[in-house]
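A quick write-up on the structure given underneath.
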Amino acid sequence: MTTLSSNGYGKHKVRLSKITRYDDRHDFTEISVDVVLKGAFDEAYTKGDNASVLPTDTIKNTVYALAKDHPLESIEQFGLDLAAHYMNRVPHATSASVKVSEKKWTRMVFDGQPHHHAFTGGASEMRTADVLHTRGGVTLKGGLKDLPILKTTGSAFVGFMKDEWTVLPEERDRIMATTLAAEWTFNSHTADFNGAAEAIRTKILNVFANHESESVQHTMHEMGNAALALVPEIDEISMLMPNVHHFMFNLDRFGIENNNDIFAPADEPHGYIEGTITR
Amino acid sequence: MTTLSSNGYGKHKVRLSKITRYDDRHDFTEISVDVVLKGAFDEAYTKGDNASVLPTDTIKNTVYALAKDHPLESIEQFGLDLAAHYMNRVPHATSASVKVSEKKWTRMVFDGQPHHHAFTGGASEMRTADVLHTRGGVTLKGGLKDLPILKTTGSAFVGFMKDEWTVLPEERDRIMATTLAAEWTFNSHTADFNGAAEAIRTKILNVFANHESESVQHTMHEMGNAALALVPEIDEISMLMPNVHHFMFNLDRFGIENNNDIFAPADEPHGYIEGTITR
Amino acid sequence: MTTLSSNGYGKHKVRLSKITRYDDRHDFTEISVDVVLKGAFDEAYTKGDNASVLPTDTIKNTVYALAKDHPLESIEQFGLDLAAHYMNRVPHATSASVKVSEKKWTRMVFDGQPHHHAFTGGASEMRTADVLHTRGGVTLKGGLKDLPILKTTGSAFVGFMKDEWTVLPEERDRIMATTLAAEWTFNSHTADFNGAAEAIRTKILNVFANHESESVQHTMHEMGNAALALVPEIDEISMLMPNVHHFMFNLDRFGIENNNDIFAPADEPHGYIEGTITR
Amino acid sequence: MTTLSSNGYGKHKVRLSKITRYDDRHDFTEISVDVVLKGAFDEAYTKGDNASVLPTDTIKNTVYALAKDHPLESIEQFGLDLAAHYMNRVPHATSASVKVSEKKWTRMVFDGQPHHHAFTGGASEMRTADVLHTRGGVTLKGGLKDLPILKTTGSAFVGFMKDEWTVLPEERDRIMATTLAAEWTFNSHTADFNGAAEAIRTKILNVFANHESESVQHTMHEMGNAALALVPEIDEISMLMPNVHHFMFNLDRFGIENNNDIFAPADEPHGYIEGTITR
């Protein structure tokens, strides 16, 4: 005797781009959408009866169809609207999860003039929206991810716990490098989502740059507190800040002094530091 | 006023390889380990006081030091032992999560003879172990991931729910392709972990190959049931089976009939299907 | 005054899969094709006149249309036929380059019986074919790439040149690991391409496994010589064998002796060793 | 009887970062270096005699040792100096190839003030330098790569060659998207390399944005001509501009008109267009 204790299905990596044409400029938006529905889909699993299953191909088409008349001004709003649609359309769904990520396309500027319709891309940084719509309510998170940030000083790590396998030297001046992911939970679904994202981003980068850091954890906490203090529309912020190591390269062997200036960066292994700060 | 409502830190992607030398052969094992500790580390965040923080560099060194005398016969056992070590070493940790993944290195065979010390690699498939050690107990999961499987027939998708954006044709004979991830929860921590993994893998591939499938969900359910029936040491199995599409290429436009044999495979978007089956 | 000194265009990553149905089994083939044409396409560049340009969309469609009635028994033959087609179709092309790579799909076996229609995938190793068809003739290369191979002993590196920045210790017993790419040039376009590939693969792996290696270069040379000796239909073989390092982890610091058995594998940096051996 | 008709060895992906401290700011540079030496290294291959082989570990150490006192103001200069060093150090080398790529780290700005020591990263775009130093002379190329650029109008593709497999509609207004790579050959090794790179980048983006394009080829040619006209220190420019497709999503099926504004972007397959323009 077994139970299907959890189920979910949907479509991932639905990629969509849209041109919005104004008199004085074109806007260009590129997003990727992941949709997962949960609910009373058991008979598809247990009996091979698909009557309850709206195809994932339809789930995909829906993203394009709804995007046609949607302003796409914020991915949070598009996520909210998509999730509400799926919940209306599939009455036996108990939840719809919609995650949207947006690529950065930056308008080209020549001689100080923004170009009408040309853009550069290639930033790893993405804006994210995460909507979980249940029959009991809606949770909305905004965020950013994959943003490398680094400072060359203002970062220490001393006074830590030691055991017989601890050889890390205490360090008062080290590179602090991470690839930032942050996600914040809105207490209002009518907030200025883009304004909040921009304000949070600027603030947490500012704290990162200027905080006299005793550890990644220490700085992360300051960043989160500052975001919560600045933006009343959010109640919680989670951050993930892997410690991307730049190891001092051993030049002593060659009779050369490394004045804390020549490093070998490494992607792996990396420190892993996460935290959630709640109002 | 804010609260640090959640925290965690550790080291990710600690890569380790080991040679074990026997008279008649060398064994070679290559793993990657992710460790995350949670607990009373708040003062590192809130005060910049690192006294409670065993450095992530030490967490890394520990993996190598413990691997030296460990047989590494199963990644489940190594994960259990690592997690127990961290919990002993850091009394204020409330949990240690240790995830181990293992690359497949396959002994070379020439003229039917296994080679003494040479191997081929490159399989995307990995074995996984996931240990969550808390002060209340230990949860142990084995698994496999990133295993592409495909069958060219024996798969249908008909009788599904339709709306105005549904154009998917009903299909009685289609390619079924996925990249399988499966994870099972052991009810015993002294089981034959490798034997269980091998038995589950063979069984779920066999069901995948031979099941007359009405949907990915339908086949997944059969696979999970068969694994639970076969291996009494597991109580639950979760599977993730993205539907990797091979789209029939439209040759009609050229006056050529596509007899369901010429396809364009695509990585994105992909269907997303998950399920958990519990004894 | 400028000259368009070189030009080329085509379609890359044309992915195609095909089912071939026999009474007793289905075969399944998945390939990716890159096509580049060169020739008298200058006016597209210099005048914006596209009259000479067969669209890359057509180049793509051609791959699917030709694959329909092609047995696809070898990617070398499909590459030859595709390249010849483009040269016929586009009289002003001076060359057509067609590169085909094939994923490995391995038939599932249960209780010793090959399955009728189910396969596992996920190998990084690919077979490759590279056809350069010019008005003067056709060059055909077969190959394999992305095949990790490793041996735990039988590999030394001593007696090397030293300067003031050389600290590498001489080593008589080290791991030898690489990700093999090999490409061989056929002197016959009616050879048994698959048979040659299989024979070369087995032979060079055998030499890799059994050669008492003084360096990657040394073993590469033996591998190439053995392939040329075995397969008369090839005249030349090129190999690329990056030295993928498994560094002995320093356990001395902890009073633990590393008996050449605990390593930290690293993807970067890596040694780079290439060579071409000609009959 | 075989010949070692070509050989080469070195180190790839030597990653290095450097802090340069000034009174008013820190600069931060991160590069990756690939070195390949060719020459009289045959006996390593044919006899297993390593006397001529400077280890790849030494080649790596050299990058760090030379970077210590090098201003790293341009990767071109660092590449020139590295290559010259290897040619001096290894008298039996006939060539040294040094390729350097540089990540973009952008100084953070708050309230209009550049920060003293904090940076953001994550751009896919890289600057490149490619030095080939032979006993006969030195070829120096600068470049950029992995820069996505896109415009929403000003791009057509009509009047092209057609065959029976051509179904692409003529299009007067389409998205033009590519991931630009460009490489230019300097005729002077004392040029202002960074100034040239900046001038070329701005100019070719400007042409891309403003050119009324009849094809990717057409625009590429204009971009190259403009670069050559602007920067006398370069004699040649090569560009690679894959056509990254944004396909109009078929909304007709749903009774919705797609006003050339809703697209599905796809990474594969992609058009491939290259060209080299010489003064």
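First chain written, first letter: the chains are A, B, C and D, and each begins at residue 1.
Here is the rule we use: contacts are C-beta pairs under 8 Å (C-beta built on N, C-alpha and C of every residue); 3 or more make two chains touch, one makes a residue touch a chain.
What you see is a predicted model; the values in this text were computed from it and never measured.
S.K.: List the interface residue numbers of chain C and of chain D, divide the shared ones by all numbers used, and answer same when the ratio is over half, different when under half.
M.R.: same
S.K.: Mind checking the rotation angle between the two copies, chain B and chain D? C-alpha superposition, nearest 5 degrees is fine.
M.R.: Between chain B and chain D the superposing rotation measures out at 180 degrees.
S.K.: Using only Cα atoms to place each chain's centre, name the chain farthest from chain A.
M.R.: Farthest by centroid: C.
S.K.: Rounded to the nearest whole Å, what is the centre-to-centre distance of chain B and chain D, using the mean of the C-alpha atoms as each centre?
M.R.: Between these chains, centre-to-centre, one finds 37 Å.
S.K.: Go ahead and note the Å separation of the Cα centroids belonging to chain C and chain D.
M.R.: Here the centre of chain D sits 24 Å away from the centre of chain C.
S.K.: Starting from the mean Cα coordinates of chain A and chain D, work out the distance between those two points in Å.
M.R.: Computed value for the inter-centroid distance: 29 Å.
S.K.: Going by the touch rule set out above, which residues of chain A reach two or more other chains?
M.R.: 15, 61, 65, 165, 167, 254 - these are the residues of chain A that touch more than one other chain.
S.K.: Would you tell me which residues of chain A are touching chain D in their complex?
M.R.: Listed in rising order, the residues are 15-21, 26, 28, 30, 61, 64-65, 67-68, 105, 108, 110, 115, 117-125, 146-154, 175, 179, 202, 205-206, 208-210, 246, 249, 251, 254, 256, 258, 260-266.
S.K.: Sort out for me which residues of chain D touch chain C in the complex.
M.R.: My answer: residues 1-15, 34, 36, 41, 44-58, 60-62, 65, 89-90, 157-163, 165-168, 213-215, 217-218, 220-221, 224-225, 228, 236, 238, 242-243, 267-279.
S.K.: Provide the residue numbers of chain D that touch chain B in the complex, in ascending order.
M.R.: My answer: residues 164-165, 167, 253-254.
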